Amino acid sequence: MARDGVMSQFLQATLYGLLQGGVFALVAVGFSLVWGVMNVVNLAHGAFVVAGAYVAFELHSWIGIDPFLAVPVVAAVLFAIGYLVQRYLVNLVINAPVFITLLLTFGLQLVIVNGMIMLFTANYRSIPTAYATTSLALPGDVRLPVGRLMAALLAVGLTLALGYLMRHTRVGLAILATGMDRGAARLMGIKAAHVYALTFGLAVAMAGVAGAAVGAIGTFSPADAGRFTVFSFVAAVLGGLGTMSGALYGGLLLGLAEAWGGQLLPGTLVNAVAFAVLVVVLAVRPQGLAGRSFYAARVEV
Amino acid sequence: MPAADTAAPATGSPARPAGPSPGLLPPRWRRVAPWLLLIAGVLAGFGLQTQLYTGQERTASTILMFVSLAVAWNLIGGYAGYACFGQVGFFGLGGYSTAVLMTHVHLSFWLALPASALLVGAFAALIGAPLLRLRGHYFAVAMLGVAEGLREVVTNVPGLTGGGAGITVPTVDAGAPTRWLGNDGFYILFLVLAGILVGVGLLVSTSRAGYALRAINQDEDAAAAMGINTTVVKTMTLAVSAALTGAVGAAYAFQQVTIYPERLFDVDITVLMVVMVVLGGAGTVIGPVIGAVAVAFASEWLRQNYPMVHTFLLGGLIIAAVILLPQGFTTYVHDAVRTRRFSPLANLRRYRL
Amino acid sequence: MRSAAVASVLMLVAAGCGSKGEATNSAGKTGTLTVGASLSLTGSLAREGTLTKEGYEVCQDVVNSKGGVSVGGKKLTLQIQYQDDTSAPDTAGQLVDQFNDKGVRLILGPYGSATTASTAAVVERNGQVMVDSSGADDSIFTKGYKRTFAVLAPATEYAASMVQAIYDLANPRPRTLAFVSADDGFSKTATQGGVDKAKQLGFTVVDTEYVPNGTSDVSAALTKLKGKNPDVILGSAHLAEGVAIVKQSKELGVTPPGGFAETVAPPTPDFVQTLGPAANGVLGSTQWTVKTKGSDSWFGSAPDYAATFKAKFSGRDPEYHGAEATAACLVLVLGVQKAGSTDPDKVRDAIAGLDEQSFFGPLKFSPNGENLTKAMAVIQIQNGKPVTVWPKDSSEAAMTWPGTAS
């Protein structure tokens, strides 16, 4: 009996960790894309996640759209914001040393987070849905939370779709080509300014969708932006920068590490474990779990 | 507000190279002038103290603390080009070492501070040896992981550190190993620390190690080929930068009396260091000082005058500064004086896509 | 470079002249009573900081609309200056120092225990006076400070009051309890108080799990609790963790037969808004409810205060963050009136000797500055509204038990 209890507890933690990891992956994939293609560390990424949650929240309270059905609208709104930010702000300093873009996004993060506090107040919110607190009972007293399952499926689906888009469409290939060698890409007739803006727009749209999912299954407030950025940072690097599958592996690994660590360790040491895993993975396999020396071949022009 | 008004020029003015460019000075002067300026700056700091209210002293101490932190980060981030995103880990470790030594071992603050600095330096050398093999972003995120991990460890040994409830350094009772220094005392402490750190920055800048670091920054493989033992140089630099940061953390912990892991390992402090160094001019001696004073002053001024929207405005200000002066203030002035092109719009044309 | 040197020498000379500035007392001039408040308007505590600010605003409005504070035959207009400490304790301390420079010697407390502890030390050094509205951690009051007074019941009472309420009212009475606690000082102290009370009353505490302060994922703690089958889960946490405990328990099939009890989260409006029907039946502890006994000449009784608050904030019901902030401000006003002066030493002595009733309950301080006469109340979410269920003599409704049945 006790053995069963331990087993069920372990399975439950694993399942929950994987679902959580799926959402981490969606949070991280845009961050990884921007970093890989443009060499921009987007510190405002978490702020875009929260912004997506607010768009979904507002849609729900105005016209009662379910947050998962609102995903296309959220994606479109956030894509537009991202496109404009890159085209008219980040592109202005894209040739400056890498820290500069980092600082720009830091300033952007302050503006967006505090803008959201002014617009929406700092209240904790959640988008109420009927399924958010229901779960399916699996054998062995393991529960499968419906809301989280939907979020994780959406996350994994979108991450894979983005991977397909990058490999098999003209836009995706243009983005990859620009990421690898901007000079050569321009010679081939690719408009780098437009492609960069598209990339950023896609990344921000992904962040926004992740926000909508987070809003449906958990709580959010503007103060959470920093936490999402750190998650993205860790998941993106764990998996290897710039690859869509890398973000997926990184997110899942992070989710599992937190879930298992939480079972085995007392107190809140679990976070220490997550970061220890990160440092060890980096020291042993610096290109990340799925990373290839793909972007290392980048030529800066 | 007057606090910051007067504080800014005290440390900032020696930096504004408005006259002829340094290249025109005779070589002997070029070597001595920065040291004279440093001494003048520190003396001006003492002079300034006579003008401040005690609360303004505390604000000025905070600005001086950020000057020290920016200068320390500049060693590894600016000269060597290794973006250490976990610098706050060294700050927090230094602070907690001092708090623990003073509380549990009853060590005098004046011994706890150097002890903490040594401890942090040794820790940095230990983790630096494997992690400095990573380049660019990977190093940045590994260090971020180290700092976050340190915070969690400190939170989870409540017997030693008080955990999330914080630890209070004994400062008033008979059992206090060192009495609290008062706002006057801490102003002097942070002023002297800032002076020492800028001095170290000057030494590094003009030494063999400084040239080695710049070489590593520009092309590490070429530097290694030139006979620089890059591993040793990088590890030493990280250790020195960390030890200095730890010393500042130690002083901060004593000033605050009660410290909490959330604040002492706050990633915002790292980001502020980077912002200050980059806006002032990375890899220069005076750049981080200007950057730290300007950013700390701006954020303080905005907070006092626009308490409801100050962070929003600060964000806007940083965006504007980054777009108009992407290479940092010091480098911009240096280039502008040399090329006689002063318009920041030329800047914009240079870096946009 | 040379001109820079000249400039710095000039600075040096200028700095050497003149004498150290003296703080000017702006508080006494032109008939205003200036009070400083460092609050978390941005950062991780922005939500609670804003609620506290609302309480201070109500106080300022009411006091001024009734003619202001009478000091030595003159009526002074109450003016509260706000500064944002960005939820950082060191900044809060720095801001109180800056208030002191401007001659603002009377301080209203920030939100939270960490910021309050930091400002209390500064207030003590500067000889200011602070009335603390929300820093409940008992450790603030063990340092021998003489100039910080808290209107609220200490942290040890938060979980203990709920344990007592369950003991008094729950039928059938549960036998086993489990605690989920955030790892900040306040929550841990509250948990400790609750555990001690539970043992004293004969409950079995099967487990105490700690979660990171401010997290929205407590699944690991809940998975561990599940196997131990507690009758009631007590959360000692803030809003984000509190919501997560209820929400993730449902997801994970953790169904304690007696339901949930949580310290500070349930009374806040966000709790019901974010959880919807899942919030029903959850117990919470609170410093103030509309049933709190007592009244005073400024705000009347608790229902009067609720009406005033509703009128100011377009029909929104007050909850205890606002009420305790208003009460802190009230203590300062009463102290100044009683002292007949704005001198901080006199105000301190007056507050130390205060023994008043108010809309917030009794206001009377122990030598270390705690309001030990203050009792907490326990509420339960019933039909989406927090209602007082304990103490029984001032309850609005009977406790629904078990909490999961509603």
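Read from first to last, the chains carry the letters A, B and C; within each, the first residue is number 1.
Here is the rule we use: a residue touches a chain if its C-beta (ideal position, glycine included) is under 8 Å from a C-beta of that chain, and two chains touch if they have at least 3 such contacts.
In this text, all values refer to a predicted model and were calculated from it rather than measured experimentally.
Looking at chain B and chain C, the chains in contact with each of them are A.
Of all chains, C has its CA centroid at the greatest distance from the CA centroid of chain B. Each of A-C and A-B has its own count of C-beta contacts, and the greater count is at A-B.
Averaged C-alpha coordinates put the centre of chain A at 35 Å from the centre of chain C.
Chain A and chain B have centres, each the mean of its CA atoms, that are 31 Å apart.
The multi-chain contact residues of chain C, meaning those touching 2 or more other chains, are 42, 183, 212.
Touching two or more other chains at once are residues 114, 266-268, 271 of chain A. Among the residues of chain B, those in touch with two or more other chains are 155, 311. Put simply, chain B touches chain A in their complex at residues 83, 130-131, 133-138, 140-142, 144-146, 148-149, 152-153, 155-156, 267-268, 271, 274-275, 278-279, 282, 309, 311-312, 314-319, 322-323, 326-327, 348, 350-353.
Every residue of chain A that touches chain C in the complex is listed here, in rising order: 5-6, 8-9, 12-13, 16, 20, 114, 117, 121-126, 128, 132-135, 137, 141, 143, 145, 147-148, 218-224, 258-259, 261-263, 266-268, 270-271. Listed in rising order, the residues of chain B touching chain C in the complex are 2-3, 6, 9-10, 13-20, 22, 25, 33, 36-37, 40-41, 43-44, 46-48, 50-56, 58-59, 62, 155, 162-166, 168, 183, 252, 256-258, 260, 262-263, 266, 303-304, 307-308, 310-311. Chain A contributes residues 35, 41, 43, 89, 91-100, 102-104, 106-115, 118, 192-193, 196, 226, 230, 233-234, 237, 241, 266-269, 271-272, 275-276, 278-279, 282-283, 286 to its touches with chain B in the complex.
On the chain C side of its complex with chain A, the touching residues are 42-44, 46-47, 49-50, 183, 210-212, 216-217, 219-221, 223-224, 226-227, 239-240, 243-244, 247-248, 250-253, 270, 273-276, 278.
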